[in-house]
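In what follows, subunit A forms one complex with subunit B and a second complex with subunit C.
Presenting the complex of A and B:
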């Protein structure tokens, strides 16, 4: 198991180098070049030529890429070209990542247990009204994108009822967090409820559940001791995916609610072609994704003895 | 020997989208203390559902015991509440199942899975149940049981897992052990080991056994008495030697004829019973076996023969006498 972890960790730098390569390559050949974006309205060919020379933008792709990677190794992610002109990207990320993490931590902390509980209820009452209503709402949560749900909720709670703020961020434990956290959590709830339900129904027909019943265990004991743990094992994969996609997950929500997190930063940067930010956010997202998956694999080992001992 | 179990006209049905599946159609039999009863029949003839119904272990819905009684120690198990029947399951009646590879929970230790029933029914604490679990593992022939108790099922082979299942089934000193095809999923040498183990445990512990199989050879040396089931009905019942010596239902004759024999000329084809068992949703009129029966007469198409006594402890449900009456058709299945 330990050698497996080490192997996975050794892979990580290569993975990140590949991610940097892809995003850098897209940025290099994509529309808009740094000096154009930087100068914006003040563009004149002479200044542009000077900047290109200074920044080494005339050098070949391979050389530029190598320099970029070298900078990344020393945690120098460059500077913003547009809205936050002159500010180091590293500092922007450091300021915004905590907000996104808080937002996601809250959504996961609420959404995962609630989803598992609802899924377990649905499976226990398979085919009855409890099951049907839970399925209905989870499908609804999944089907309505946050792009629609966000404005609708804002309209109802902020504009009409005037009980919640329109946007902004006063920290996790403030009224401003209620709507964005709810929207993010509802997606998590829906995913986990449906998966828990499906897994439990699967496990309920397993032979070892019949064995458990033949021992005279009550239905609650069968559920809690034999069904639930087995049904939760596949959820680890989904949790890994959810954890891994926190940056993408908040892109729209943070933008709609004006929350100064990574998602909003990425959204602005993409619109403005602020390549240093785009590349940094993408690489960071990949890094988080890789770590989350590694964590998921390790967690498998904890809850599944078959993996722990292999 | 005192009467332990009395099954009267037990009828279990499954209410599915395609219709009502008549899995068990009014079976009656008895079992004495310490007696071993073998139940044979081909797949889907209601053997498993029949014994699962005894302790109400059929999935409800869609399954339902629609009629009959199961008198165990003077009490009707069918009338018991969920709580009452649970105090019998795993306690007075133990069970072992067909596939040991899937019948144990993969995420719990062997010890935990044995101790569970002990703590529930015998009121033992963790230390007591652990000591007893080690004892049980030794009893079923698991070497270095004290160490292996913390192992998980995937660390055991199929035969060892079936031994663990037997340990679970016997953990609370049951009066009756129900074994639902416990050797079917094992290879032949392991089959023999498991049969020998159960035989030895029965002689030591004195429990009664209901042993389900579709292999007549497996139960021959184990059972005292045999039931032959077909289409959810009992078609023949006899002491084991009598059944092998004088099979009296055409289905039993066919089953025995399909066994390979040591004195058989090599290359000779085994007999088989042509055709398939009837659809349990739409049972045919008359005898359920008539479509495959070489001895059938006119009456078999219209009237289902009752199970009637034909010898000492020997009953068969057939209109004809296979020892005397002639074969009426060689290829019955193709004519229907």
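Presenting the complex of A and C:
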């Protein structure tokens, strides 16, 4: 167990280092030098030379990279180039991150239990209408991009029925949160319902379930003690995957609904070619994602001894 | 004793694996409906120049925000662009994305998966760690990041080798979208192929081939690969709908297919703000409905293939 934990823990800093390297390399040299982006239309060689000198862009790649990593470790993500010119990216993130966290937490808190319940119902009524309708909805939830769902729901509930606000953000416990949270949660529901159903069907045909039934346990007992417990363990790992899809969903949902979170910041930054923000958001999201996956792996290792050995 | 010859007609035609797959697929109603829609998509994409006589980028200033008419079947938008011709030409982009991105990811995935699974050792470790790193980025975030950063670089490079005309025609957008989506698409496939190779290489038919002296690469490509393809086909076909949706997100962020390229994602991003417009709101629904129908169709085809290839599934 200990070696498993150590191996997983050592992978994290290594991963982070590589992620920072890729983002630095692509983000700094992909789009052309920062001074070109910063000056945009007003580009002239003299000003560019001054900026290059000030920002240390004439130094060798390795030295710039070391400085960059040092800045990132001390949570100094640089300054916004275009959109919020001159403002430290760290401060922008600190303001935006809590909103995104609230939104994602709400989507998970709502979506995970609902998904598990629906998946369990579908597996219990395997092949019957309950199963079919739940499958239909999970397929539909997966097929409708948030870019389609957002405006359509706004059209129906805000414009036609006038029962929900047209967007904006008055905190998580307000009417403005209903649509965005539902859209993000629908993806979680679809993912979890599908996986729970598949796992339960798998477990239902296992020998130990037949044993439990043949020794005369009540159906309720078989379901709660033997089937559900074993079917829910692997769900720990798909939480990571689902988290990944909400991160990208947040970007679009926040933009459509005008929610001042990290997704909207990223959208603005991509539009304005504000690379320090784009890089910082990518690294931060990847870091949170890596932490969540690490947590899932460790937790999985603790509750399921079969995992530790592999 | 003379052996009686069996009349030819009485011998049943031998059933093949693929024959069975086709049979099972054709009995699956949603899958067949999906297939029809998909074939329709490719037909429209192919016939776009015949179906549309007006240029989809042309601006008809006399008919701005016009309702559907005989001139503009689906009306025009705020700039006077014909919505019908935009929709039809965008089918081309969707068709391109649905062919090239899976093909590229599949080639990369097969290449790295076969190498990792068959050569093993440090090659395996490097390929799999590379995949892990790409998996460490949540969802499509890395696609967004790559597309946002490499686009200016590719644009410069294309202009640098003297293809300025190409750059103007939006050729670069296709390269960026295909590259970005394929780069994050291959590691999953490589993992799958590798896993298949690891289990299949110890099977008796591989040992038998080795015993009679078949070369390593022939074993890998002729004996193992065909047996490893079933789950790969399922994953690739199941992912196409998601790929088309991903292009939409990229267009929304302004790093996907941009004008003059036509794309439904771009239309949705252009028109989504019309949800509160009393006059133009139908424009929001046209590309949205088409997109969802196409994604659903690919999903049904993928699921149908999955069930047809794995008959003992549930």
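Everything that follows uses one rule, which is that the second predicted complex is superposed on the first by the 280 of 310 C-alpha atoms of A that agree within 3 Å, B and C clash if a C-alpha of one lies under 4 Å from a C-alpha of the other, contacts with A are read in each partner's own complex, and residues count from 1 in each chain.
Keep this in mind: a contact is a pair of C-beta atoms (placed from the backbone, for glycine too) under 8 Å apart; a residue touches a chain by one contact, two chains touch by 3 or more.
A quick note: this is a predicted structure, and the numbers were derived from the prediction, not measured.
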So, on subunit A, is it clash or fit between subunit B and subunit C?
fit
Just checking: does A:3 make contact with subunit B only, subunit C only, both, or neither of them? Give me first, second, both or neither.
neither
Is A:243 in contact with subunit B, with subunit C, with both, or with neither (first, second, both, neither)?
second
Based on the superposed arrangement, let me know which partner A:304 touches: subunit B (first), subunit C (second), both, or neither?
first
Quick check for you: in the superposed arrangement, does A:54 touch first (subunit B), second (subunit C), both or neither?
neither
Check whether A:212 is in contact with subunit B, with subunit C, with both or with neither, and answer first, second, both or neither.
first
Given the touch rule stated above, what does A:290 touch, subunit B (first), subunit C (second), both, or neither?
second
The answer to whether subunit B or subunit C touches more of subunit A is C
In the overlaid three-chain picture, which partner chain does A:220 touch, first (subunit B) or second (subunit C), both, or neither?
neither
For the superposed model, what is the least distance in angstrom between any CA atom of subunit B and any CA atom of subunit C?
12
Would you please give the residues of subunit A that touch subunit B in one complex and also touch subunit C in the other complex?
none
Contact residues on subunit C for subunit A in the complex?
132-133, 136-142, 144-146, 148-153, 156, 241, 245, 248-249, 252-255, 265, 268-269, 272-276, 281, 284-285, 288, 291-292, 295-296, 299, 303, 314
Touching subunit C in the complex: which residues of subunit A?
15, 18-19, 22-23, 26-27, 29-32, 126-127, 139-140, 142-145, 147-148, 150-152, 154-155, 158-159, 166, 201, 243-249, 251-252, 255-256, 266-267, 270-271, 273, 275, 278, 282, 285-286, 288-290, 293
Provide the residue numbers of subunit B that touch subunit A in the complex, in ascending order.
55, 57, 83, 86-91, 94-95, 97, 99, 102-109, 113, 116-117, 120-121, 152, 154-155, 165, 168
Contacts from subunit A onto subunit B in the complex sit at residues 206-208, 210-218, 221, 225-226, 229-230, 233, 303-306, 309
